[in-house]
Amino acid sequence: MTAKKPLALVAGAGAGLGQSLLARLQAGGMTAVGLGRTKPDHTVGAFHTLDLSDADATSGTIADLIAAHGPPKIVVHNTAELVIAPFTETTLADYQRTWTSMVQTLIILAQSVMQPMVRGGGGALIVSGATASLRGGARFSAFASAKFALRGLTQSLAREYQPAGVHVAHVILDGIIDTARSRDVHTLDPAKMMKPEDIAEAYWQIAHQPPSAWCHEIDLRPASEGF
Amino acid sequence: MTAKKPLALVAGAGAGLGQSLLARLQAGGMTAVGLGRTKPDHTVGAFHTLDLSDADATSGTIADLIAAHGPPKIVVHNTAELVIAPFTETTLADYQRTWTSMVQTLIILAQSVMQPMVRGGGGALIVSGATASLRGGARFSAFASAKFALRGLTQSLAREYQPAGVHVAHVILDGIIDTARSRDVHTLDPAKMMKPEDIAEAYWQIAHQPPSAWCHEIDLRPASEGF
Amino acid sequence: MTAKKPLALVAGAGAGLGQSLLARLQAGGMTAVGLGRTKPDHTVGAFHTLDLSDADATSGTIADLIAAHGPPKIVVHNTAELVIAPFTETTLADYQRTWTSMVQTLIILAQSVMQPMVRGGGGALIVSGATASLRGGARFSAFASAKFALRGLTQSLAREYQPAGVHVAHVILDGIIDTARSRDVHTLDPAKMMKPEDIAEAYWQIAHQPPSAWCHEIDLRPASEGF
Amino acid sequence: MTAKKPLALVAGAGAGLGQSLLARLQAGGMTAVGLGRTKPDHTVGAFHTLDLSDADATSGTIADLIAAHGPPKIVVHNTAELVIAPFTETTLADYQRTWTSMVQTLIILAQSVMQPMVRGGGGALIVSGATASLRGGARFSAFASAKFALRGLTQSLAREYQPAGVHVAHVILDGIIDTARSRDVHTLDPAKMMKPEDIAEAYWQIAHQPPSAWCHEIDLRPASEGF
């Protein structure tokens, strides 16, 4: 009997960073499983299409994965729901959707994986933040509010679970990620965008930090980015 | 015909800080109106009992108040929904209720007052934060997540509305407020608690800062508080 | 025999904010004394010309003032030494002078006043910070480094002296102060500058906060200032 | 003719983290050179004994190294000068020595290496921070003030040099590093200390981040550390 490959989950595994994360995790010898609302045309490894804000669907799917593969060793929360609009044009439904897509999904994900990871001997939960995690800019009230919420939640999880062996880190992505969609909507020179495979490598390194030197928060940006 | 007294609103005007705010606003010559789910036994000025997370009820009540008194000059957001529990004992409903009580209420309040204040020539919106606005502690995942969200939202409002004449400030209350309830649930010497009338005075001063020197964020704590 | 007026000191009392602080303190019934390298042409109250980075001169002058008036009740640290230059054009001497003018002067000032204020029953020490207290911008390496240092020192003083009754606050002045010199060197519309008398009023309020609600850090900026 | 090994410098290369950094850099195929006041009994690679706060000695030694090896690709600033004492027992000389040992040494180091690194096609400068880089605690006034200064300076360097190809990062070491000396002076279980080789690995990874995803600030602490 051979040892199973350890399980890695990426919640929010669309084209771009999500897929690069799956590729890096798979290249590292893990069973990389993507979760998300929309299955990309091309996906690395397995992909489960589900609404991550649906507690039953998500906890059920993750329980099945754990039954098959054991508790995950690496879990990434990477859902995104960008709203940019003046306050007067941002509806209550926009705030609710943004919070549900980014914060509720982390709550449900963490409820599904933290205790199994503790029982499984530890692991890592990495959460994708953004510039708006630290700064509530004009026209970003919905997005910043949800990203701030995510950061507070992630800090609480770190303080509660790190002593129990689960590393919890928050990564502030301060730049435009180079994806097909970014190239469509931004005029920025792609050479000044963040390459998703470079970000994925940073996540991989964080997930493998030894417990004597765990980071909780790290900011990543292109060399060219003003900050 | 005499000039009307200017209108001041306190959303979350229960016993304690809410009532001290109403008292200070009234003493300053304003028509101070409290809004909240539960009318305290003794209330200063008028009080409208309503669910501040109900958009229709809140916007309707505030529209009526504006029709009667003109746009408010001072608005305070002071709703509270404290949850302290380990992550495993904090349900999705706890997170939703905490967000709804603290963040949704500010969204709806701001949607009801910001444009009228701009048209009325300016004013001040002051939001009550807490220690958990800056630090997600263990057992505070729901509360910190909502307080972080509130801080991000408040920053966005400041950046959007200050150039239009509405001062938006976030006050970090880093201590136990001396209320009847605090004395019941905390063993802390009341001499080491924050007096609600002292906090109310600070809000009054912030609301009257001249536009050449507006603060956005201020922390308040008792002299005895470690930080 | 009548009660002496309480003593207030402003270290760095040049034209502009320093003089407005002296005027506010004097108007509040205090004996306001300015200290600094250069006596302005017109000064409010007494002024002692001295190098605040000279420990003997400063401690001697302050000891004499305390002997005459009793321990100060309000002390403001407001020295400034602005250097803006690319790193390659900033000399070691620039860093040393910036640190000496802004940080060494606070060390010496605090060594001269903190224990007397404790013995005198308390008081307030307020330190002027700047945008560069929180952000090390390009071309601001010397200034930001010294302003960061000042902020760290001020935090330590607050944590050590507040339980002993001396309120220690750090004010982040995020804007151009309207002075004759600012109008010379900046093209900014003076209507968008911070009025020194408005800042002085904020300092006065901070110095009079009751011990149940002391602020440690507050940012002040004009309504028009982006941040 | 074979390619020279690239040069790496560690300023503050005493026993503990300094030596682990040298070992990691050497293992990575670099010519690792330590600089510092006191040569450890056992040192990895070359070591130049010099006072890093002496501009002439430091710039001369580094110029010689660059002449021999080419511009450095990785430079670490890791000098330490810990003072823990109540404010009343911290002398002006303590503040000056702390600043000189930690801040002046970075100024001189950066003046010696930044332009050569730019001309050499880029590289990385990594600066060791501490818990006190973010929090001025009681009894830490000298140390925190200098660590805050270092952080401000490092930010300015990042903003000025990253667009020119030199990555500048600030690492907050939030824990006790496991060294022979730490085991002597602390009662903490060494299992709860940070292993210097684990920290060194993190620095190595930071120095090799691709320019599309550079971090500026990262905190590292043991799993067991409260924060």
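Read from first to last, the chains carry the letters A, B, C and D; within each, the first residue is number 1.
Rule of thumb we're sticking to: a residue touches a chain if its C-beta (ideal position, glycine included) is under 8 Å from a C-beta of that chain, and two chains touch if they have at least 3 such contacts.
Quick caveat: nothing in here was measured; it's all calculated off a predicted structure.
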(message) I want to confirm something about chain A and chain D. Since they are copies of the same sequence, is their interface symmetric in residue numbering (over half shared, so same) or not (under half, so different)?
(response) same
(request) Compute the distance, rounded to whole Å, between the mean C-alpha positions of chain A and chain C. (result) 45
(message) I'd like the Å distance between the centres of chain A and chain B, where a centre is the mean of that chain's Cα atoms.
(response) 32
(message) Multi-chain contacts only, two chains or more: what residues does chain A have there?
(response) 159
(request) Treating touching as the only link between chains, describe the layout with one word: line, ring, star, complete or other. (result) ring
(message) Going by the touch rule stated at the top, which chains touch which?
(response) A-B, A-D, B-C, C-D
(message) Which stretch or stretches of chain C touch chain D in the complex?
(response) 55, 86-88, 92, 95-96, 99, 103-104, 107-108, 110-111, 114-115, 132, 135-141, 144-161
(request) Flag every residue of chain B that touches chain C in the complex, lowest number first. (result) 158-159, 162-163, 165, 167, 178, 193-195, 198-199, 201-202, 205, 209-227
